[in-house]
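The next part holds the structures, each set out as structure tokens.
Two complexes, one shared chain (chain A), two partners (chain B, chain C).
Coming up: the complex of A and B.
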């Protein structure tokens, strides 16, 4: 793609230079779009086309475990969803898990960011400690919390509880959903912290200084200046967090496995289709519901992002 | 104790009182250590005997490297450590290379030579990230089965490339956007070829950003479990699947599983530590700029 631009021009005048650049750009025309095509085509092929297949499957009664032919059943799968207890449970778990995990990581992450946004001895080291959970493989995170923190005999948390004279609790079986959420918050707070930290550090110091000179209290400054400036960052964290957390699978597989109580829609979809359930038609209709939910979140989120990009340009 | 060096410019949000500052520093330290504790405990358990690990929590014990040699030498199961590590290494390496090869031209075109509707294109890339993988997993499974790709490394390479591509375009665009337009225009008018512009003007500025982006792709691909276990659960699979297979149905396995987890986790954790500053900046900038 080496378009040699050999034209020489009079560089003395700024206007003629700008004209020249414009002319060159126009001449290059659609060539400028060419570099995007490979990525665009690859993305469409691998992520968008399969989705259309899912949409098609969801209108059929396709099962892989019976030789019955695949029949078109229209919206029958969707019509059955409101009465499908498994679907309702999984959808409710999805909602609770996503909302709790996003909300708590956002709160914890913001507090951590505020604490880290000040100079103190070992600041860099503590920041390293705090971002580490985000780097940990989710399978390992789930496993180590389950067997070494939550476990009723070997778990550190129960060891503490015993110190105070209380009975051990097998958290992962007694409170499966809460257990998964705790591990998710442990992994995602660092991510939220990073985003909020970026917001805090991008503040205009002269504005803060002016407020201080005018006698504003620290809390007043936070409420009236810092928080409004942080808002887009908090919204962004919510959006990105929600998109990843609605899809959680690994933690559930490791912490609660096949037990009921914490199976979200993605887990249930995989179980009922490729995970041995073989009910491709029905599971596809679940998938489409998850996709619609994501699109709603994304639409709200994209509006926020688009505001951010407007501000930038 | 925490020595408070006064902030040169950034005034902290919470009080300016010295005692309060010391207490807050202490609190931050405590929280940091608490966040790290589960990992510390994991490493500790990796060095224990099974008997020590499968007991009430013990801080003091006689450390041993036996668990590490056991889990790395064991090849009873479907997937041995050597296989899993090799598979992960190649899958991550090839998919990250592909991501960068596809994302760099796209991000370059979006950032440096903005076209009309560039925002729409960018949003399309991000929006593919909003499509949950379960929305596509069944057709992907069927297609992979029909192409005889189930249980191969190829299927994971393709999917990890698709998984990381939107994020990479998104982050890289922000790094390319930082290159001053005047520099490029000047080079253009001086008759510098496109390759020349890229090599001499753009690359030196964006190199740290490229590294951070690639590293983030490596981390996500290395840690991915759902696709690996669904599409490739046996011999050609990756480290997360291997770790998961160390949970045995009988006998004691806690110390061995801990050792396996340490081996699987620490390559990317250490890489993340080394590159944290750039990565933090890349994530934040990619999001905001």
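Coming up: the complex of A and C.
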């Protein structure tokens, strides 16, 4: 009899205790969420809502150069994409430009990082100097290279070529894509260098010493010990670099203008809409494609990256 | 198999006036396990790294088998080193870690694998050959680091505090395994540790360093029975030797109220020293509790089961000092008890300069 009574009180007090714990946990959850809420709302306002508008526009035939009202056309814009040669060309340029710029800046950045990752007098000064290209505004960088480096009459590169008796070349016109890639690599190598340098300096010194005692050469140590450890950093550089470089606009505008050989998707989208094309519905559908492609690439990249990081911890 | 010789070898770090290792002279015999021991900053690791070729030798020289290796890079010295944090190659499997050095010297893969398997068998690592270091326990990692050294059969093994990252129980076990392995392989080994128990239990000879200067190198027992100076006396032994500063009065010495009996040689040395200051050292096991002696009060009892250490507060030259007394077996003495202690063993006398007075 008495046991039964005790049992019941125990259960009821246990339930109220569980409720209390749940309530406290909920409160703790809100304590953590609340401070981030303003930033979250702001982000939704400036990114997600415009995105939804773009999605809506991409389903219309909205253009500014005719007085016709905006009409809903469904997936018509998307259906026309595969036959749109200009879109296909721009997409191909985007791929080439991003891949080349990321790859070369990664290689140059890694080489610079390896050189910087040793103690010498003036190391900090040299590092700051090497970072400066990354700090230059894209438009300024574009103008600098266009007028002072590539120009056939005044450019430094052509002056150099002339020294060896070769004819001047108007680089930006003859090799538009390569010209843009060179400037992108110049600007983005410091970024890659910083990421790789972080990886190099995070290395356990005694592991490198052990490899030296084990008889490995400097190059052998880099290839067999350092490089495998750098992989997550190279992946991070690739991911971040790709996300930024796929959106390049300024350099193209300044250096080569609307030349077809170096017209990537963002540039083409701008051209078809605010840049005079005025076909906002169509350009919106391009944008959606770019967003989807970027998300897919970023997701694959992030997954590879997080697998690697997990693998190492 | 090799002999190692340090000849007045010094290491002065850039920007520092004081040498980290100061004209070290040391002869290590073939097949010997020599332990370098000292407190942190004593230069013991630096001395080892000089032998490895990881630190520049600023003065003097280092010889392996009478070959001058002072200026040779690590890879040309035919040595293997085990690091405190093991320094395993994180991106390689256990087998690749162990075979790394052989791969660098161009040993064909089949032979390499055979040697790796042999070393893995000795160290019980066979089931783990395909694992990465991060999937191993601390003790297993330590064994891989050992294995990496064994596989190469180098001239000299260098150990830089290889057991400090293991927990206490595993450390004691690995300590004996390591000493056994060294004896079985018959290799020359230089072993660095800050733990004097490790030094005493493992070393054929032990070299004690302080502030970059070699204090004494001797067999563990000699080091314990006849420390050359005050520092070695206080450093070797656990718990430490009781060291009491005292003054010469009428040609004789007195510590904690007990007259010190001196052999004729020591008595002469005591009389010959111009300063009256001396240090008297008595190990805890050479003090006894009994019916005679000086009065003291027990402040702490450390009961270890097989023995007990009594911290006894006694009067000494107008002040108070605490001496540690070893009682074998289990003791009923408790804090606050009053008792009498006397000396029943050898006494070490150190002069004003800290040097041992000759017997």
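Assume the second predicted complex is superposed on the first by the 274 of 313 C-alpha atoms of A that agree within 3 Å, B and C clash if a C-alpha of one lies under 4 Å from a C-alpha of the other, contacts with A are read in each partner's own complex, and residues count from 1 in each chain.
Just so it is clear, a residue touches a chain if its C-beta (ideal position, glycine included) is under 8 Å from a C-beta of that chain, and two chains touch if they have at least 3 such contacts.
Bear in mind that the values here come from a model prediction, so they are computed numbers and not experimental data.
When both complexes are overlaid on chain A, chain B and chain C end up sitting side by side without clashing. Contacts of A:204 after superposition: chain C is touched, whereas chain B is not reached. Judged by the touch definition given at the top, the superposed model places A:284 against chain B, while chain C stays out of reach. In the superposition on chain A, A:265 contacts chain B only, with no contact to chain C.
Look at A:212: by the touch rule set out above, it reaches both chain B and chain C.
More residues of chain A lie in contact with B than with the other chain of the pair chain B and chain C. Overlay on chain A (Cα): least separation between chain B and chain C is 9 Å. Once the two complexes are overlaid on chain A, the chain A residues touched by chain B in the first and by chain C in the second are 209, 212, 312. Against chain A, the residues of chain C that register as touching in their complex are 52-54, 73-75, 79-81, 83-85, 87-92, 100-101, 104-105, 134, 148, 152. Taken in their complex, chain B has these residues touching chain A: 1-16, 21, 24-25, 27-29, 31-33, 35-39, 41-42, 45, 53-57, 102-103, 105-106, 108-110, 113, 115, 119, 121, 123-143, 158-159, 161-162, 165-166, 169, 185, 188-189, 191-195, 219, 222-223, 225-226, 229-230, 239-240, 243-244, 247, 254, 257-258, 261, 264-265, 268-269, 272-273, 276, 280-281, 283-285, 287-289.
Interface residues of chain A facing chain B in the complex, by the touch rule stated above, are 1-9, 11, 17, 20-21, 24-25, 32-36, 38-40, 42-43, 46-51, 53-54, 57, 112, 114-122, 125-141, 143-145, 147-149, 153-156, 159, 186, 189-190, 194-195, 197-198, 200-203, 205, 208-209, 212, 218, 221-222, 226, 232-233, 236, 240, 243, 246-247, 249-250, 253-254, 265-266, 269-270, 273-275, 280, 283-284, 286-288, 290-291, 294-295, 297-298, 301-302, 305-306, 308-309, 312.
If you check the complex, the residues on chain A that touch chain C are 204, 206-207, 209-217, 220, 224-225, 228-229, 312-313.
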